[in-house]
Amino acid sequence: MKRKHSFWPTPSGRQKVAALVGVAVLGLGLGFGVAHLAAGYIAYWGVVSGPFLLTLRVASAAMLIAGVTGVAGGYLLAKGRFPGRGLLETVGSLPIILPPTVMGYYLLEVLSPGTRVGGLLTRVVGHTLIYNSAGCVIAAGVAAFPFCMRAARAAIEGVDPALELAARTMGMPEWRVALVVTLPLARRGIGAGLTIGSARALGEYGATLIVGGDIDGRTRTLSLAILDSFTTPERDTMILILVLMGAMAMTGVGLLARSPR
Amino acid sequence: MTTVVPRAWLNWLGIPPWVWNPLSVSLRAASEATIVVAVVGTALGYILATGRWPGRGAIETVCSLPMALPPTVVGYYLLTRLGGPGPIRTAEVDLLGHPLTFSFHGIVIAQIVESFPYCLRLSRAAISDVDPRLANTARVMGLTRARVALLVTLPLARRGIVAGVALAFGRALGDFGATMIISGSVPMATTMPIALYDAIIDGTHHQAMVLALVQLGVAFTILLGVSRLGRVRAW
Amino acid sequence: MTAALEVAVTRHIGTFTLDVSFRVDSGTSVLFGPSGTGKSLTLALIAGLIRPDTGTISISGRVVTDCARRIDVTPQDRRIGMVFQDGLLLPHRSVIDNVALAVRQVKGRRARRTVARSWLERVGAAGLADRRPATLSGGQRQRVALARGLAGDPSLVLLDEPLSALDLEVRREMRAAIREVITSSGVPAVLVTHDAEEAEELGDVIIAYDDGRVTGTRPVARTESPERRDDDSHRTESA
């Protein structure tokens, strides 16, 4: 029984029609949006480019950190009992409903060079972590982390343990079992977590405002800029850019998670 | 501003007005929002979980948009839809006497929109997890669809549903971005997160510390309660 | 001569008690008995997937489990190969990758693949190298599982009801293949089955199980000579 392995599963007739309609609508909408976007972008490049590029850098860095730590945390929670497990679970889930300003407040407390912890961190890292892009990265990363972790945990728990058992008998050390068996089989769920995490990181507002300080050129991400220029014409362009970034991030991660090896 | 509990009691307990005012606004708004979300969210969750028609996934995705969109974008969208000229705004003025924007009920709407996905997704997942054979058996025994839902499916899914409502309540309490835009931090409608922000900006450290601590405690308690309800399936 | 395997363990699970002791010198030993008598549990203990309550297990003279001395070598370090009832091939990798992953005696992707390919040929699955496990039939899957179990140059290979999930016809076909591959590889094997025909055809020694204990051990009488299949005139009746 030989089956051709294509990138996409072969769609049925009805699905094809639905897909066509969806593509047409999307194309039209995107066309409009892109045209408006291009016009606005060109007109307001000066004002918009700063926040846009900053958001790009901040969100990418934040997602890198949140993704790796989230998957690691999810793996640990899924796999074993260890001291501090309850702590990881609760603290890791806090940012989901903790008000962003509260998170910003405590991040400020922890990272400020004035405090003991903050002073230590500042010395270790080499430069201050507040009122600059590093602070923004931390705020966005903390916002995205719980989603990545929870999704990763659920996905990893869903992997058939018998396959991991078989891999162990084949002689693979634990880390190889994780890399070769567990994580690849959990990639769908992990991808979903990264998707929603990146949406969170891109849109982070409250904590970024407090930890970053909304400094023009330094810490004014798109979310903040939209509010600051609420009464100006650039606002719509910024909103479009942010929404587009979110859509692209989510599609990109979704595709990556879906691809067969 | 009216409070649920008499002022005298608050003074006696030592709770200062700069805590109680935003706290009562937050609690009232979040309660109203959560009631709406709980009913609509659970109902829709039930429909999506037990239905069999195509497009279920699409509806859930669309309803989950507020989770993925930046709160500022959601707030902007609500502001233009509710505040801008149009049939919706005229309806608001007719019904309430004033537009929803920059008012208490505008906050409630914002919180409804932001917290709805949490309740919807969790209740849909919880209801999906209920063994369909149980519902089928009940139908065979002669119960109508409505009674099956009320007496069989929903009670069996109650843990997930309660978790969803609790999470939605917490999310409503903690909303900042969308609330900020819709209410414009008018004193009549200052919620706890906004009050904290004001305190940080004003530099009143003592107030900020207290406000932050109260909210942290509330969020923590809600999370603890939700985790007690058993392993909540991730989104 | 060091035994390929020495087992003397006890283990309680709920109300069931396993208490067995046996030894395998070479060839294929079959753990035979009805379902629920502890045969698969024994394999899991040998593989190190479960720990016994008391006792010792040695593979090729090396102690891998000793409860008294707190020795418990991890499954990955026991140098065993395992063939499961439903194959348990990694669904997201191709057949050749699945077998290559088990090869540990050589380094380097190409070298491992070469070893894997030769094993696939030996089990008669050479043409399946680039297929995905989901596209294989039951018999093909178990052939690949066998190749994977042997490709790692194990000191011992464990087979847990390798043919039970297959159709009767396929099962009969596969028996000869399994027997041939295992004996020609020279690796000692422990095979679990509840099928009497299978036990007789595949085993050199039968270890009978009942209710968690070994009730007897006997060698299998082999009446066939190597030329049986093609030349009748050379056939000799054994005594």
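Chains here go by letter, A, B and C, matching the order in which they are written, and residues are numbered from 1 within each.
As a working rule, a contact is a pair of C-beta atoms (placed from the backbone, for glycine too) under 8 Å apart; a residue touches a chain by one contact, two chains touch by 3 or more.
As the structure is a prediction and not an experimental result, all values here were calculated from the model.
A.B. asks: Looking at which chains touch which, would you call it a line, ring, star, complete or other?
C.D. replies: Graph shape here is a line: each chain touches the next, no loop.
A.B. asks: State which chain is most central when centres are taken as means of Cα atoms.
C.D. replies: Of all chains shown, the one whose C-alpha centre lies nearest the global C-alpha mean is A.
A.B. asks: Averaged over CA atoms, how far is the centre of chain A from the centre of chain B? Could you give it in whole Å?
C.D. replies: The mean C-alpha positions of chain A and chain B differ by 23 Å.
A.B. asks: How many angstrom lie between the centres of chain B and chain C, each centre taken as the mean Cα position?
C.D. replies: Once rounded, the distance between the two centres reads 58 Å.
A.B. asks: Approximately how many whole Å separate the CA-defined centres of chain A and chain C?
C.D. replies: From the centre of chain A to the centre of chain C is 46 Å.
A.B. asks: Help me check something: in the complex, which residues belonging to chain C touch chain A?
C.D. replies: Touch list, chain C to chain A: 47, 49, 74-82, 84, 88, 90-93, 101-102, 104, 131-132, 135, 137, 148, 152.
A.B. asks: In their shared complex, at which residues does chain A touch chain B?
C.D. replies: 14, 18, 89-90, 93-94, 96-102, 104-106, 108, 147, 150-151, 153-154, 189, 192-193, 196, 199-200, 202-206, 209-210, 222-223, 226-227, 230, 235, 239, 242-243, 246, 250
A.B. asks: Across the complex, what residues on chain A touch chain C?
C.D. replies: 1-3, 5, 162-163, 165-173, 180-181, 184-185, 260-261
A.B. asks: Mind pulling up the chain B residues that touch chain A in the complex?
C.D. replies: Counting only chain B, the residues touching chain A are 54, 67-73, 76, 167, 170-171, 173-177, 180-181, 192-194, 196-197, 200, 208, 212, 215-216, 219-220, 222-224, 227, 233-235.
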